[in-house]
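Chain lettering (A, B, C and D) follows the sequence in which the chains are written, and residue indices restart at 1 in each chain.
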């Protein structure tokens, strides 16, 4: 094969990549206050400073981290259990996989829709408890939505992210278990021990990648926190959206500055992820397909 | 511990792979499952180890039934053909993995691992990474790992097939020494007849899901139970005839042999035929093929359809086209009942 | 060969889909350009607009409005002026983002003609030169039917319109309750406080900056500190905060009896409406004065739902239609707007959507008056006169966001110690 | 032979997951036909076909928009799969300058809020007259689908390796033929997964498609989302149902077509 083919092969993705980077750069410039349409021309950092200094920023950041970290960690753990359940009960194909794909295909807006109708104090869960006599009035049902504990949002994210983690890491874990998992069991390791010592560590790359994807997504997503979240403090993406729909168009740089901060923190997370996974790779030695 | 299989049969995705296998392996015995690929020998191995569940029949180890025992408690350790070393562990960690599973203390594991490494002549490879070592070394690590699991039965699934010839010889010796030293009941699955003949106390010859013959290497070589077994070991020409009163009579020759009467097929292997130059010989040399340390002579009986082959060791000056006479070595003839 | 056919098939799909969705682009801008000469009179505009397409961008969340525009207005425009009306559902902030982007890219001929707009968004769009105008003086129906001296025709949320937008429909904040559940209806903030005490935890409003929630808080402020001072108030946080301090105290006091003790408020008014329908709340609010009738007709509200307002009145405003500066079909847009402010369309709209008409009652012919009077406004609502008699002007556009900011900091989850 | 205890536990976990995924679907279906569902009844107190009538109302041309947005998402899915195959081949089989740059580019769209990218690219697209065109929307959607499709194709290309293709070269097949006859069928399962994943992402995009499509390119989400955001549960659920059902039908068709071309049924387990 001649030298040129790789460059031909990657041409489309590079073109799209350049377009993407140009778009992001252009977006970031707006966050420094350069929007000629609203005759804002002088670049300055004070939009960022003003956003960071605003009293609600730290609370928003805390809430957003609280939501994304907890939901992603829980999703990674439950997702791994789900993958193990699929692999060990031999359901790596067939109907259950279609059901899991169904969860992936439903967008977050629809998840918000049924989350409210299930988890609200007037929702189905509350009515069930009422019918069973466990609670007497709507007020007794714990407040899952619109509160600081963000349980409603986290449950909403879990509903979509647990199946995603499973779908993402299934093929790798299945192949590992079929060969190395079998060998471990044959060498005297119980199914649990062979899972913990062999199958899980070797499936980590896929699980970790899925974790990064859901972490960065839930950190930057706006749908669920807006519809299910507390009024104060709002999650960062919701705050950014409120700034974005602010009628005074010259408010736009604040929205873009907030988005810029979201981007910065997201890339920080990605950076930490690559550091950890590379360091582990160097120490652990990249494993070849068994 | 002696192992016994009682009419084990296995079907995988609707195809019957093993048809009511009966096999008994004495304690410390080294047997091999010999047969062409696809005859079900690997499946039998995995069934013994519990990885595959048999449809019927039961497996007894030291008299106790194994069917209810989960694979990781059977101590029936397999050495797989594709090694299956744990990539995220060093050589020492791989070897001490089974010990860790048995709950031994860390230092005890390391110590045992080093000891086993010495046994497989891999001192100093302790902290090497598994993908930094060669095929032969990998095979030895896998063997050490298997021994670390203190197997009651050692199952070898064509372990040497991916090694080159001379490496294979040392590994065979190593496996035999270790097996003798630890006196482990061992089953070797192989399609290489020489491996089976040289290593095992007894050979179970398998053919599409059944054991055709289970006997010492000599018997199986000398008196195969049917043509399939016979041909597997060494090709030759068949002459059918009949034995009456300890005398085999056939169209081409007769010979005295004390076997009970009945119709028989006589297999004449090249090693059983001696040839010497004779002007008035009834046979003619058709081809002379050089095979390194001997020659293979192909000879036809003049105006007859009989074709025979012979091995010529000393450099006799027989050329193609010469007439020769033949001499049958009586005790190398094989008689197979029809 | 089997595999060859597969690959050809896949490529075929790619070309097919790209092709078929490609032709949608061609009808986009180019042949739809209608050059406008500034001083053409209305008939010339009608001629110019014949056979063209006019796009109407606005919030797409009201299915009745979409049906009215597509099933009643569009056929009439087609038959009368041979204009094709294309209704596009898009939130106002995305419309402005699109216009801003087009302005920055220097695109003279965009794809938006008419925009459903009002309040702060109009103020900001006009300030940033995104709107075309003035144009209302060119519309015959403007003088014929609209009371050009009316407060709400000259000022939108306190900002001079200067002919940059024509009135489209009137809205007014009203309160809804289920007379079967809460027979009494509070007439002012004091009675409202008692009402909330009585139905503890069963009243709330949408968190600001939701449009309706914000109007509700502003109505409460008006009831406590009067509304006149705001029309000329300086848009400074301290000044505003000082002026509405008593109202803030009232709101903090109110929190104790609200849903979840006012610690948190539902994100949208739609949420409040759902909780009212489900019986979790005993009161809801809406900017559509006849929302009760529409809801009962739709079967979403029980028949016993009633509308009520405060004696001192509730906030009301008019929403308007503006024309984008880079509208490709300004002539067509003006003709359509002219048609919308006609008595006939306003009456049809009143019948179908129960939106308060913008036409001045005294400018109507008797026969037109009869048509308005005979409209059955449905069950559980107040008459147009009673509503208009209890209507307060909106706060200036630049004060509204300040109120919203103060509310977030001073009211949510706070109580008077 | 399986450990009964752990196996039962895992089976139970599976069934709970399936229930947790399917239950909301039932709720959405109920809501689509609900008129009123007040406290405390567990089933709607009154039903109505309001939402269904609204969707089938001709004026809304919901179904023409549904069809055109299915086609659009299919185009995005196909192009995304093709680009992913090419990029995966390049990354796995070749060493070239900027190789790990490709890994980064393919991950980047996930790390950037869509508002930043959409706002940034909007002006450029107008200048390139790509805004308000299906092509513009296709390109923007494509960028968001690549992280997923490239990841799927990379894993599969890695596990299949090159040796079979090289074998084909030796047997006289040209590089293109070798790819077509050997690698392509083996990649088919991955291609199906990529097309499905890309279709999902493109079909549920809202903000980016809205801004770049500028109302000219109508997708189904653009009709559905306003009703869900407004809180109209009945109409929102009805649209949600059409969203889910149409996607399942499309997946069924994709599988059917591509499975028909997969002659041999059994799995190629290469790792």
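One rule holds for everything that comes next: a residue touches a chain if its C-beta (ideal position, glycine included) is under 8 Å from a C-beta of that chain, and two chains touch if they have at least 3 such contacts.
Note that this is a predicted model, so its numbers are computed, not measured.
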| item | value |
| --- | --- |
| Chain whose mean Cα position lies farthest from subunit A | B |
| Closest chain to the centre of mass proxy, which here is the mean CA position | D |
| Two chains joined by the most C-beta pairs in contact, as defined above | A-D |
| Centre-to-centre distance between subunit C and subunit B (centres being mean Cα positions), rounded to whole Å | 88 |
| Distance from the mean Cα position of subunit D to that of subunit A, given in whole angstrom | 17 |
| Chain centre separation in whole Å, for subunit C relative to subunit A (CA means) | 35 |
| Set of subunit C residues in contact with two or more other chains | 91, 97, 101, 104, 268, 271, 274, 278-280 |
| For subunit A, residues contacting two or more additional chains | 122, 138, 179, 190-191, 227, 244, 290 |
| Set of subunit B residues in contact with two or more other chains | 70-71 |
| Parts of subunit A lying in touch with subunit B, wherever the complex brings them together | 179-180, 182-191, 193-194, 197-198, 201-202, 284-285, 287-288, 290 |
| Footprint of subunit D on subunit C - complex, ascending | 1-7, 9-10, 13-14, 17-18, 20-22, 24-25, 28-29, 55, 57, 59-61, 63, 66-67, 70-71, 88-91, 94, 97-98, 101-102, 104-107, 111-112, 268-271, 273-274, 277-280, 298-300, 302 |
| Contact footprint of subunit C on subunit A as seen in their complex | 35-39, 55-56, 116, 120-122, 138-139, 143, 146-147, 226-232, 242, 244-250, 252 |
| Contact set on subunit B toward subunit A in their complex | 49, 51, 70-73, 75-78, 80, 82, 84, 86-88, 97-98, 100-102, 129, 131, 145-146, 149 |
| List of subunit D residues in touch with subunit C within their complex | 35-39, 46, 48, 50, 54, 57, 59-60, 68, 71-72, 74-75, 78-79, 82, 119, 122-124, 126-127, 131-135, 138, 180-181, 184-185, 207, 210-211, 214-217, 222-223, 226-227, 229-235, 257-258, 261, 263 |
